[in-house]
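First subunit A sits with subunit B, and in the next complex the same chain sits with subunit C.
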Partner chain A sequence: MISEIFSDVVRIILVFILITAALTISTRTLSALVRVYSIQSFLIAILACVLWGMLQEDTLLLIAAITFAVKVILIPSFIGKIQKRINIRRDLEFNYLKPAGSIVVSLGLMLMVYVVFSRVLGNFAVVNPLFFLGAVVGVSLMLMGMLVTFSRKKTITKVMGYLSMENGVLIFGCFATELPLIVEVMILIDLIILVILTTILTVGIDSSLDEYQERLIQYHLWPSEEAKE
Partner chain B sequence: MISGESILYCLINAGIILLLSPLFLTIVKKVKARMQGRQGPPLFQMYYNIVKLLSKEVVYSKTSSWIMRTTPVVCMAVMILAALFVPVIFIPESFGGIGNIILFLYILAFGRFMISLAGLDAGSSFGGMGSSREMSLSAVIEPTIIVVAAALATVLGTLDIFEMISKTSVADIATMPTLLLISVSLFLILIIETSRIPVDNPETHLELTMVHEGMILEYSGRNLALMELSHAVKQAVYMGLLIGILVPFGIINAGSLLIPGIIIAAVLFLIKGSVLAVVIGLFESSMSKMRFFSIPTLFMIAFFFSALTIIIEVFA
Partner chain C sequence: MIAGFYLIIGIIAVALIMVLKTHNMKRVVLICQALANLAVSGYLMFFVTIPEATGFFRIDHLSAFEAGLSSVVFFAASLYAGGYVRRLIETGELSPRSLGLFYGGFSILMTVTSVVFFSDNLVLFWILAEITTVVSAMLVASLSARENIDAALKYIFIASTAMLFAFIGLIFLFEMSRGVSAPGTLNWSELMLISGGFDPKIALAAFFFVFIGFSAKSGIVPFHTWLPDAHSKAPSAVSAVLSGVLLNIGMYGIIRVYAIIRQVPGSEAGGLFLMAFGILTVSVGALMMLRQKNLKKLIACSSIENMGLILIGISIWTPLAIFWVMFQTLAHSLTKAELFLSAGIIHRQYKSDNPDEEDQICDAFEMQPFASFCLVAGALAIIGTPLFPVFLPKLFILLETVRFDLLTGVVILIFIAIGSFALLRFIWTVLSSRSELDLIKKPVHYPVGRGMHIALVFLLLTMIYFGISVPGWFYDYLNMIVAELGLGGAL
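Our next item is the complex of A and B:
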């Protein structure tokens, strides 16, 4: 009975995660995009807690805690800070695909993932439909993140795509295989480095090093000489 | 075979929707006004408007034909017929084809067709522009609506709206989480079909934004009252469908039909409808009008969720 309630909750959370994934593809306002990302991460943290309730594996609790600290609080607030400084509010330029097109493509991707997984995993889908659904949602989220990464033009939104890709990997890890905690921690460190690197890319990859520091000062990302005195 | 129960159903269902629809429309207006820091109209404003309009003189344009004269009546008739398809109080046995979701959609499409013709009929450039926009929008949205209907039919295993709602009213939403996805689609369709922001702006008569308002611009007196009332009924019908799918509790089955049950169901519908109207108002306040050519993105989201539902239902 209790496990039934848990699996219902898991299904509802997965549905909400899919909704956030669609929003990640179609949102154009940057602040909204960051908010969607942090909601998505929050849902994953809850998901990990619920899965802990089902499976009693303490790693899942740790994953939930780390996800909450890093992805719900740290990364969104950092990106929010960069965003304010560089003063880009909306992303209107797209490569190859406009959001409407991306949504259709992502639908095709999900279908493909379903078909491929049901062939590859065979009777896993019948034995454990909930975990099969979770794995499919995870991989689809990953592919949708990839779609965001290549269809957006601004570096900062490309990074959002990359981040949601990683969320997909995490969901897949929670469901299908047992992702070792150390891998998850390493990925998180990667993410933090990535977000820091983003400042470099967004502020100016086209500049020389001297110019780069000037720009950092100009965007108030680096304490200027006057400020020190 | 039409029984006494069916007749009772028709009277109660259509009556309640007709009675409450202006209230829901006013609640949306009120919420929007509050969000903008204004007082907003009193809750019964639309009833006063309709009563006032009914006593006003009707003026026709010189170029207009019988279409202009019949459209308000046809629209009202179509909307009342559509109101029979969505049970909000109790669920009767299916009768006479009433309840079929495909028929429901095309009855509404017929209403829209008549309004568009009427927009052209008066010969004003605004009406023509409104009709042209309405037609291009409806050409794009029709596939989406059909996919939403298909998703509903896949999840609930029936094409009959009565059966759909009787299934959701016994089952838990948790056992059918895909209904949440369909509800997102239905909500978007509710917004698009009732010409609200971000698709259309129901408040202005600016030529840049007009779709629905453009088409009914030439109407006056009791005809305008009928057009406005039918628009309100359309919104209430879609709201009733969404409520029936997402939060159907309170709707009673025909077997246990008693007066107190009907009253409780009506009050519950009033409460749920008002909450939904507040949500619509908040949604509208948080959005700005979309550029005409970016509206298909909104349709695509609705399409995405329903197609996703079908994929999940078929494969999982």
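Our next item is the complex of A and C:
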């Protein structure tokens, strides 16, 4: 009985996560995008807690804690700071797809993922219904993140797309329980390196070359004492 | 244990590079690190009882071979880097402030690329491979020109996005392993033992995801779009490493996971899948070569073509094919490094001040006789001229393909011929151009550092050593790799 309630809660959270993914695709202001990302990560942290309640795997609690610290607080505030400094508010330039089109495409993608996975996993899906659900939602979220990465022009929005893809992997990882914690920790390290690096490069790309070094120093991304030499 | 040596050497080297102030000292530290790594790799290949396993690391013949090959390429590249970077600083393209970044990044990349091949755990392999992407992208961006930053970002986004798919594949592998023997594992050595009990459909799905990730890292079509930009915009010492070592990391991942998947009964469809991508890659790579106007881009496109050929070899998955795939990996790495290093000298000699303009090459044999000679030698080598190492593997992979299917073999041969034609035509046009006839203003002579020439001689000699005949020890070594990949006995 209790486990049924839990699995219903899990389903509800997954639906909310999908809604945030749709928001990621359709949002035009950057600060809203960062907020959506942090809400999405928060939902994943809750999801991990609920799954812990179901399965009593302590790794899940740790995942929830790390996700909360890094993805709800650290990364959004970092990106928010950078974004204020380089002064990009809106990302209205889309490469291929306008948001409305993207949502239609992502619905199609989700359907496709569902059909393909239920065929491929076959009996495995029937035995582990939650794993199947996690796989479908996780991979759909990844594909939606990929849409954002490849349909936006500003690098910082591309980073947001990448981050939301990574959330998809994390969701899938939560359902593949017993996956060693080290896995998640390592992904997070990778994520932090990637975010920092791309942000530094973003500062470069949205300015002309001569300004580049100046800007890096100005934003304290580059040691300024060496600059005086 | 051995992996620890690389790590210790790497940490010491990075620390020294950060502490020491002058360019000359940083350069010497880098060369010493490369030399030390070369020594450790030599010790590993010839004196250590393999397989060696400690903690997360496990070394078998394949990983030792790949690590040894990377040490050779890195050694040449770090000999070359000093002179190349000095000129970059003189022309103001590399800020002296970025020196620490460049040498530190290069040193970290050298350490990580050695260790990446030793990880037993596939997730550890994944993360180290990701780190190589991030660090090498940073090196591409170290010349903080706009095109470089563009190329670096494209590289990071395509490679990392694809790598996330690989992670999904790894989770599938883990779930399957849990079904066969709890509590589940992600160590390839254990997966090799239990993969016989996997469900073929899920196994193929897992492989499909893993393949997307690692193929983007190796520049397999359709995930190749970052490769020509990143490889041609990077400083040439970095280009050599990108082409000669980093592409192998992706291929290594594909081989490892494919070896696991091929143990699953009923997974032969994976071969056709790889074959299709291989043919696509060879054809697109060759056709791209036809319309290149830039020397380094042309060489980068040739890497795409060669990766396609290696993938075709893997897809056939017979002992003979894998033997020559390994040989081709070695031959391609050495030759491509040599080509990029000599093209680097030519590029610096004729570089136009306007970034949108292509280099106007003229009187190359007078201005840079040795580099031009090496360029010709490298071009002849990469198209598969006998006495160079690419000849035999190309021939045998083609023969194996013909044995698999005649038409496929012929199609691949045609595309390889197109690629070779494109390369030779370009080199011929460029090197025979005269300043008087073509009315090009002769640039000032570009002084080439001694280390740059030594690096080229070193690579040429190594190429000839492996090209003249297959050394006996190397033959045995490759056979060992083939056997360990689950392909049964030696040739």
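A few remarks follow.
FYI, the second predicted complex is superposed on the first by the 204 of 229 C-alpha atoms of A that agree within 3 Å, B and C clash if a C-alpha of one lies under 4 Å from a C-alpha of the other, contacts with A are read in each partner's own complex, and residues count from 1 in each chain.
The rule is simple: a contact is a pair of C-beta atoms (placed from the backbone, for glycine too) under 8 Å apart; a residue touches a chain by one contact, two chains touch by 3 or more.
If you're wondering where the values come from, they're calculated on a predicted model, not measured in any experiment.
By the touch criterion defined above, A:Ala65 reaches neither subunit B nor subunit C. Look at A:Asp8: by the touch rule set out above, it reaches subunit B but stays clear of subunit C.
Subunit A is touched at more residues by one of its partners, and among subunit B and subunit C that partner is C.
By the touch criterion stated above, A:Met146 is placed in contact with subunit C alone, subunit B being left untouched.
In the overlay built on the shared chain, the residue A:Ala100 is in contact with subunit B alone; subunit C does not reach it. Of the two partner chains, neither subunit B nor subunit C is touched by A:Leu55.
Once the two complexes are overlaid on the shared chain, A:Ile193 sits against subunit C while remaining clear of subunit B. When both complexes are overlaid on chain A, the residue A:Met110 reaches subunit B alone and has no touch with subunit C. Contacts of subunit A with subunit B, set against its contacts with subunit C after fitting on chain A, share not one residue. Only residues 95, 97, 123-124, 127, 130-131, 134, 137-138, 141, 144-146, 149-150, 152-153, 156-157, 160-161, 164-165, 167-168, 171, 174-175, 178-179, 183-184, 186, 199, 201-202, 204-205 of subunit C touch subunit A when the two sit together in their complex. Chain contact summary for the complex, subunit B toward subunit A: residues 172, 174-175, 177-178, 180-181, 184, 296-297, 299-301, 303-305, 307-308, 311-312, 315-316. Across the complex, subunit A meets subunit C through its residues 120-122, 124, 131, 138-139, 142, 146, 149, 155, 158, 162, 165-166, 168-169, 172-173, 176, 178-180, 182-183, 186-187, 189-190, 193-194, 197-198, 201-202, 204-205, 208-209, 212-213, 222, 226-227, 229. Looking at the complex, you find that subunit A touches subunit B at residues 5, 8-9, 11-12, 14-16, 18-19, 22, 26, 98-100, 103-104, 106-107, 110-111, 114-115, 118, 125, 129, 132-133, 136.
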